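Same chain, two partners: subunit A is paired with subunit B first, then with subunit C.
Let's turn to the complex of A and B:
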């Protein structure tokens, strides 16, 4: 792990009982990087977030693999040492800003609590000064006045800003945001995504954005990871992945979007069937039963991520077609020589 | 799908006003809403939360009373209908809700759920109801193997298809669709949108589509009304509105929608993002344009704070905008 890697997930497996929800996943986040994890419901993207934060809860466990935050493997850390990392080097912003805040405590009390947990020596006035600084950083007007208010006095977008302020209270290296704008209007969503942009630009924080919204990912992220059935099936730089999707699943997802300017009279493409149950995965590629391009090989072995094309940037996809295309490409190139 | 304007609209809303206050001068959540919906047409209703979209849907469905104005279905005045007369009219206008998990009785089977509206409206006898329910389910791609399942054994997309079957089964003229695909994954969303459009073409149905996803609105709707704090600020065909928006609120709202194409475009011709500052206030101001306090192009013009613009302050070929200075704000050309 280089010095510029702030979060590295290596061959992560997460299981609830006998069922594996995350099945061998690698993810590397560089300093100041904006990385997206997209997937539909049941793809395992939220489980990934919970596992990385050590919040799996009863029944869930990391069955194999490493989660390194600034070179510390936190997957096997005892609770007390984990508490020293969580909220400090690594923190989280949830989807629902209403249930994530305590309704009977002022915003100020909740921000001070986050500061105190990791910076015990600060006096009350130092904590207040820091809270004002944090609210200013996330674009809350009249911060000193608003510290004394309760969550119900804040709008949805403002509550989400408060949660971001709490998440960055201890200068974390990475913020994981799980569907942070799903409950918000597009106008408010645009404002909140600007706040995240500011964290990266001004504070050098890395952001992992977990979402189902391909549009938000397209605009915000440097890199995208597409999840299906507990694994990353395609990863690459955002522009590259959206302009040249290689995995049939990514292609189908993009084709199903009612993009502006799309022919209104043509029906939308959709993916037949449903994602497989992780308890009874079919042999071979988990997408094969729904894949228009599937053939016999797809039903025997599950493909690993393979490099797509010849351009650098780490675009790869887990599909036998990519592997075949690549072999064809290699042959072509050697013929050229 | 364009309709002959000479034919009578399926639904006509005129001067609709709704207040939750019991005082006669109470704040109106909807203030002077007017539009028509024709056969085979989809009217989209867009706007931020708090703009009155859901209140409008409830008012049209006659869930509660309206304060003033008229809602006319064919030749029936819905605002005056009540009791038995209203109940007898209800099979002609139906609704599909956003949440396919909360809107279906968890103890009933798929077939029972779809037969129920027919029984409630006393349409047909038991055999006819049974046959009709099976017919509509098969049209929506739910074969026999689904008939005896309960909602918990269905996926989100399948549940929403059952909800649509319940709305279609009474052969309504109008369906109010309140965010019917926003709880669904994109691949399933596409399937449900296709089904809704197929049924609309087959049955010449009118839809009122409450939607916050603007790309879905552009793809699916024929005409669109944009609501802001309980008033229509702009209306027109979807094509005209998206290519040539006039009201600064519409321009800002459309520019805020995340667009997957921005990942790919490298030139500056892609529409820029206008980030509105602040959020809608809870109420319209006493006077002036309701959008004035957030408007990116107002430049403190006295007219905007003193006088509310008429709904048709801009009016060209059925495209209306309630703005004193229409067309000034443009999204194209860099980030505002």
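Let's turn to the complex of A and C:
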């Protein structure tokens, strides 16, 4: 792992009781990188966010794997040392801004709490000054006045900005944003994503964007990871992956997007069936039951990620078709020789 | 805040008027003739009529009500023939004992509930079983039975607390009346002998009275705390790097307490109006005893005053609860905040 890798997840397994929700996941985030994790509900993407922060809650645990933040493996850290990393090197922006702020504390108190947990020497007025600075950075007007207000006096978009301010209070290396725009209307979504862009551009913070919204990913991310049934089934640079999706699941996801200019008389494409239950996963590729291209080999072994195409940038997919295509490509190339 | 308070006060007055009408009408509808009861079964008709006129019972019910309510507001609550003194004097004499008992029981119940619920929601695997079991027992235990068991164990068998002998040992002189609460008055006058004796007399009845509301509040508070312990804002606080215990105290407890504040006002009122059985068992000279006596003797002036006072108490405590809630929960302060 080079110094420019800020977060590296290696072969992560997360289980609730006997059920594995995340089944061997690798992820690498470079400094200042904007990485997307895309998947349907139930694909394990929110569990991934909580696991990386060590906040799985009752019954959940990391059963195997490493989560390295700036070269420290935090998956095995004791509680106290984990608290020292959370909110300092690594922080979270949560899904629902309406319920993510404590309703009975002022915005100022909640931002100061994030600051003084890791910077104990700061005086109250220094904390306030820093809080004003943070609110300004995320685009909240009249920050000094708003510090004394309560969450219910803020709109949804403004609350999400406050949550981002809390997340960046200690200049973390990585911010994990779990569906940060899902609860917001479209114009506010764009403004909030602009704030995230600013974090990367001005502060050099890396952002992991977890979402089901392919449109937001296409706009924002440098790299995309497609998640299905607790694993990453395809990963690559955003442009490359959107223009040449290799995994049938990614292809189906992109085909089901209602893009402007499409033939409105034709019905919108959709993926038949539902994501598999992780408690009773069938053998073989978990997408096989819904896959139009599935054949016999798909039901025997689960394919690993394999490189797609010949362009650099690390585009790979976990599908037997990729292997076959490449073998075909290889034989073509050897025939050319 | 002023408008909020004004609105609440208007509601209080409205509730009290309705409660007083209800109490008045119900007692007039009950069969039986108070004039006949007072005059005695052997009195002749003219004597009964004289008593009726003296009580104002020959007027129509609206006049009677107006007469009664103006009297009540100016402190004339009627005459209790079962106690042989004015109702107002009777309450002034007995109410402090009940208040002292209820106050101690309330503190025990609330502090106990906060402690148990906090631990039960913080480490459910270890504490919630104990807390749940104890509170179920509390909800199902009759107060008079618990009083007797406490007396048998701690007074008769172990001898650590005095028996059912009222508020103070008979050889001691009560402290001069300042608040009417023996523990407070003895402390204010520096009489430590009285203080420790009054406190020892308070412990058993207060515990007996507190057990049921403690159980109720513990269950309620545990449910509320468990809910806010899993709320998204709690996860966000943890993601800042705040330790689990600090998160629990600062955020979970604050949010989880809000619904409990609303119920605790009613709990306190019920402690004052519902201490009859415990007072009887411990020979505690409070309101409960005179109420039982008054009902047995059909002494309606006392019962009516008690019903009205209870209504006053409940509405005042509800007002206090509203004010406290407004102080603790910013969402309830309708100050017309600007966005």
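In this text, the second predicted complex is superposed on the first by the 337 of 337 C-alpha atoms of A that agree within 3 Å, B and C clash if a C-alpha of one lies under 4 Å from a C-alpha of the other, contacts with A are read in each partner's own complex, and residues count from 1 in each chain.
Quick note on the criterion: contacts are C-beta pairs under 8 Å (C-beta built on N, C-alpha and C of every residue); 3 or more make two chains touch, one makes a residue touch a chain.
For clarity, every value in this text was computed on a predicted model and none was experimentally measured.
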**Request:** Sticking to the clash and touch definitions up top, decide whether subunit B and subunit C on subunit A clash or fit.
**Result:** fit
**Asked** Now for A:294: first (subunit B), second (subunit C), both, or neither, which partner does it touch?
**Response** neither
**Message:** Quick check on the superposed pair: does A:94 touch subunit B, subunit C, both, or neither? Answer first, second, both or neither.
**Reply:** second
**Item:** Which superposed partner A:155 touches (first subunit B, second subunit C, both, neither)
**Value:** both
**Message:** Tell me the contact category for A:86 with respect to subunit B and subunit C: first, second, both or neither.
**Reply:** second
**Prompt:** When the shared chain A is used to line up the two structures, what angle, as a multiple of 10 degrees, is there at the CA centre of subunit A toward subunit B and subunit C?
**Reply:** 70
**Message:** Just checking: does A:53 make contact with subunit B only, subunit C only, both, or neither of them? Give me first, second, both or neither.
**Reply:** second
**Prompt:** Does the superposition put A:187 against subunit B (first), subunit C (second), both, or neither?
**Reply:** first
**Message:** Quick check for you: in the superposed arrangement, does A:105 touch first (subunit B), second (subunit C), both or neither?
**Reply:** second
**Request:** State whether A:117 touches subunit B only (first), subunit C only (second), both chains, or neither.
**Result:** second
**Asked** Looking at the overlay, does A:319 come into contact with subunit B only (first), subunit C only (second), both, or neither?
**Response** neither
**Prompt:** For the overlay built on chain A, what is the smallest gap between any CA atom of subunit B and any CA atom of subunit C, in Å?
**Reply:** 9
**Interface residues of subunit A shared between complexes with subunit B and subunit C** = 155
**Fill in**
Per the touch rule above, subunit A residues touching subunit C in the complex are 50, 53, 55, 57-58, 79-80, 83-88, 91-92, 94-96, 99-106, 113-114, 117-118, 149-150, 152-153, 155, 163, 166-167, 169
**Request:** Would you mind writing out the residues of subunit C in touch with subunit A in their complex?
**Result:** 124, 230-233, 235-244, 250-251, 254-255, 258, 328-331, 337, 339
**Message:** Help me check something: in the complex, which residues belonging to subunit A touch subunit B?
**Reply:** 40-41, 155-158, 185-191, 194, 212-219, 238-239, 241-243, 252-254, 256-260, 262, 264, 267-271, 274
**Asked** If you look only at subunit B, which of its residues touch subunit A in the complex?
**Response** 48-49, 155-157, 185-191, 193-194, 197-198, 212, 214-216, 218-220, 242, 252-253, 256-264, 266, 273, 275-277, 279
